[in-house]
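These are the structures in question, set out in turn.
In the two complexes below, chain A is the common chain; its partner is chain B in one and chain C in the other.
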Partner chain A sequence: MKIAILGMGSVGRGLLEMIDGKELGLTVTGIADSKSALLDPDGIHIEEVLIAKRERGYCGDKSLSAADVVEQGDYDVLVEVTPTDADSGEPATGFIKTAIGRGKHVVTSNKGPIALHFSTLQSLARKHGVVIRYEATVGGAIPVLHTLEHGLAGNRVLAVYGILNGTSNFILTRMAAEGLTYEQALLEAREMGYAEADPTYDVKGIDAAIKLVILSNTIWKRNVKLSDVTITGIDMLTNDALRLAEEQHCTIRLIAEAIPEKGILRVAPRILPRTHPLVVENTLNAITIDTDMAGEITLIGKGAGSRETASACIGDLLFIKDSHARGN
Partner chain B sequence: MKLEMKDSPGQLVAALKPISEVGGNIIAVIHQRDEKAEGDVLGVQIVLELQEQRLGELLSLIKSQGVNVLRLGKERLLYKQTMIMIGHIMHTDLGDTVDRIDCTGFAEVTELTMVMPAINEPSSARLVIKAVNKADMEQALGILRGVAKEKNLLIIEPLEATG
Partner chain C sequence: MKIAILGMGSVGRGLLEMIDGKELGLTVTGIADSKSALLDPDGIHIEEVLIAKRERGYCGDKSLSAADVVEQGDYDVLVEVTPTDADSGEPATGFIKTAIGRGKHVVTSNKGPIALHFSTLQSLARKHGVVIRYEATVGGAIPVLHTLEHGLAGNRVLAVYGILNGTSNFILTRMAAEGLTYEQALLEAREMGYAEADPTYDVKGIDAAIKLVILSNTIWKRNVKLSDVTITGIDMLTNDALRLAEEQHCTIRLIAEAIPEKGILRVAPRILPRTHPLVVENTLNAITIDTDMAGEITLIGKGAGSRETASACIGDLLFIKDSHARGN
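Now for the complex of A and B:
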């Protein structure tokens, strides 16, 4: 199956390395970064591109762009792994629409287009007889969307709640374990490379809320928006608060929670018993799905990282290869 | 409540039946042959949930079955929840914050542990609220959320609060 990859950040590079190292039956015919692109219908030599990117900072021909790959490339699936723009979802949304319009499947790790334009993209994909898959947008390596769609097929999902942001979970873990202040723990998260220079999205709960929107719309298809989520971040937390919770064998975690029957859609720090299955350490993510038949299912795993995100994208790609693109 | 009844068939059922008749919910029945009990008398302890105003009716129904009520212990607020509050808790009138819950009549702040690191720094407090039942707890929580918003305090609720 032929794929074209947009984005050569940590996710794109991780994906290329995995595709190059494993025999997955995937041929990369187009690659683009923010400055350049390259196309080869017979298959691009991945190792050379990775070296070129590392040595000169761009991947291919500067006279070509991502748009050329999307519009002219010979591929079955567009893999869109450019950085998230949560306000506009562009330019990713435009690329995705163009690919769907050409009758191509889409796999993305980009939260912007899915959180902002879920129903539009889904109906467009249906119209063109293709699928759009986005496992990597929620919970990193955790196959939560596959679990919902396949493993829990036929269940009615009553609620979903969990830890969807690794950075804030790391900060809370360190505050509880070492008695660090919020500022100290944030500094440590930065040093470890878990937090961006501007940690607003993570610590204010926005990133978790965007993922909650994606999960909710996938499950209940009610078209909720980021502005429908009640959001409280962790940036006001004191280490005293953590200690007061720990004294009672509890701790505090940033929990994203959706219970449509009660009208609940929120992200907020919450008190949980230390023995609760959602109390995971460091940058791990955890998601509990409450259903009518299966009861509660909790998935725990790495919520970010280059190889981990590649795992989610490859899961989507191979699903498409097996069920939609047979014969290609 | 602790009951005393004849140790004969059907007596326990006779004592329990009125509880459901007045809409009570039996939580536990502890049926132990008391070494001190004399002859054919049996002591039974029953833990139950009941609307307070129907207690009198229950007692007379039980009595009419020939069963003696020896002791009656009441715990009005059965539902308990812990939350944490962060902000300028003292300077936004802590007394008033607690009062707003206490004055409802169906919920009370029963414990408060507070840490005040330094002047002008936010304090942290752990509150235990007890309420008559889950619905009242939800309502008390709603009041507390309102107070928190008004006084710019951060309330951290337990996950089970809504689950």
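Now for the complex of A and C:
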């Protein structure tokens, strides 16, 4: 199966390393970064591209662009792994639409297009007889969308609860374990490389809310938006509150939850018993899916990281390869 | 898709209730219990059968048997949910072979055939172009086999660790929480209906070991047997040992683990930090899959129960319906 990859950040590079190192039956015929692109219908030499990127900072031919790859490339699946723009979802959304319009499947790790334009993209994909898969957008390496689609097929999902942001979970873990203040724990998260210079998206619950929107629209075929989510971050939380919770054998976690029957769609710090399956430590993510037959199923794993995100994209690619590509 | 069901214990009845209550596109054309059977190529009236079973103790026509259903039934998938015979795997294995020989897919919740005759059944299925699925045999409602097959596709699995027996986990939870002795906790498990009159399979680690064999053979395409597993149960564990672990913010769990690179295939009580994702309470099961790309993914859920087991069978049935039945 032929694939074209947009984006050579850590996820794109992780993906290329995996495709190069494993025999997955995937041939890369197009690659683009922000400055250049490469096209080769017979398959690009991945190692050379990774070396070029590392040594000179761009991957290919500066006279070619991502648009050229999307519009002219010879591929079955577009893999869109550029950075998220959570306000417009562009330019990723435009590229995805073009690929779908050409009858190509799409795999993306980009939360913007999926959170902002889910129903439009799904309708377009259906119209053109292709699929758009986005496992990497929620919970990093955790195969939550595969689980919902197949593992729990036939179940009615009643609710979903989760720790969907590793940065804020790290901060809460450190506040509880060491009695640190929020500011001290945030500083530590920055030093460890878990928090950005501007941690707003993480600590104010916006990143978790975006993922909750994606989960809700996927599970219940709804069309909720970020503005529909009631959001409270962890930045006002005191270590006194955490200490009190710990004294009761509980702790505080930033929980994203959707319970349509109760009209609940929110991200907020919640007190949970220490023994609750959702209570994970450090940067781990955890998602509980409450169903009518299987009961509560909880999935735990790494919510971020280049290899982990690439793993989710590979899962999507192999699923398309197994189930759809034969028909093309 | 037409299915025939062998077994009308709690799982079989749970399955029938679900198929009757949900629009899954499944038509039941054959049902057998230990005393009788029913065949109707146009679809059996499920509610009537459930009432008959409840009122008179058997489901259908006493002149028909399970063998008649398997050999003469008009079905696409045989659903084999009879009780496990862990020594011979019969009569289930014979029925499964017959169905495969007729070109029928198989879904089973029965650990015996899969633990004892995995490679034979897989070869036979391949030869006849059908699939045999057995999600319900490991971890109850937890879709661990789906996760391995699809969610983590492309990953190399390095190791698997799990709490695969709810009865022994309940006993350990109660010993730790209340300082009960093993005997006291076992008595409580019996009173709650979690332990059989003869708890040997559960507390001596045999049930967990059988599931570990199934997982190992599935993941690594090996042909290990129950006798290859080093097994230590929880029946010799003292509450002193548990108390000491708890004093160190740890606890003891019966862990099944397979690490082929280290030659480890064992079930034994292990000390784990209280915050470890595998440390679940009461009758929950938990499985950690360690991979080269996604890192450690942990799945937690109910390991037993009629609805939960039926949920796993439904997941398998819908997967076959989506991906294979069209070709028949």
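Here, the second predicted complex is superposed on the first by the 326 of 328 C-alpha atoms of A that agree within 3 Å, B and C clash if a C-alpha of one lies under 4 Å from a C-alpha of the other, contacts with A are read in each partner's own complex, and residues count from 1 in each chain.
Operating definition for what follows: contacts are C-beta pairs under 8 Å (C-beta built on N, C-alpha and C of every residue); 3 or more make two chains touch, one makes a residue touch a chain.
Since we're looking at a predicted model, the values are computed, not measured.
Participant: Check whether A:Asn155 is in contact with chain B, with chain C, with both or with neither, and answer first, second, both or neither.
Facilitator: Second partner only.
Participant: Looking at chain A, does chain B or chain C touch a larger number of its residues?
Facilitator: Partner touching more chain A residues in the overlay: C.
Participant: Should A:Gly301 be classified as contacting the first partner (chain B), the second (chain C), both, or neither?
Facilitator: A:Gly301 contacts chain C only, not chain B.
Participant: Regarding the shared-chain residue A:Ile51, is it in contact with chain B (first), chain C (second), both, or neither?
Facilitator: neither
Participant: Of the partners chain B and chain C, which touch A:Met18 in the superposed model: first, second, both, neither?
Facilitator: A:Met18 sits against chain C, while chain B stays out of touch.
Participant: Under the stated touch criterion, which partner chain does A:Met192 make contact with: chain B (first), chain C (second), both, or neither?
Facilitator: In the superposed model, A:Met192 contacts neither chain B nor chain C.
Participant: Over in the complex, which chain C residues touch chain A? Could you list them?
Facilitator: Within the complex, chain C contacts chain A at residues 18, 22, 24, 135, 141-143, 146-147, 150-155, 274-275, 277, 279-281, 284, 286, 291, 293-302, 305, 307-308, 310-312, 314-315, 317-319, 322-323.
Participant: Within the complex, which stretch of chain B touches chain A?
Facilitator: The touching residues are 82-84, 86-87, 113, 115, 117, 122-126, 154, 156-159, 161-163.
Participant: Which part of chain A faces chain B closely enough to touch in the complex?
Facilitator: 159, 161, 232, 236-238, 240-241, 243-245, 247-248, 250, 252, 255, 257, 259, 262, 264, 268-272, 276, 278
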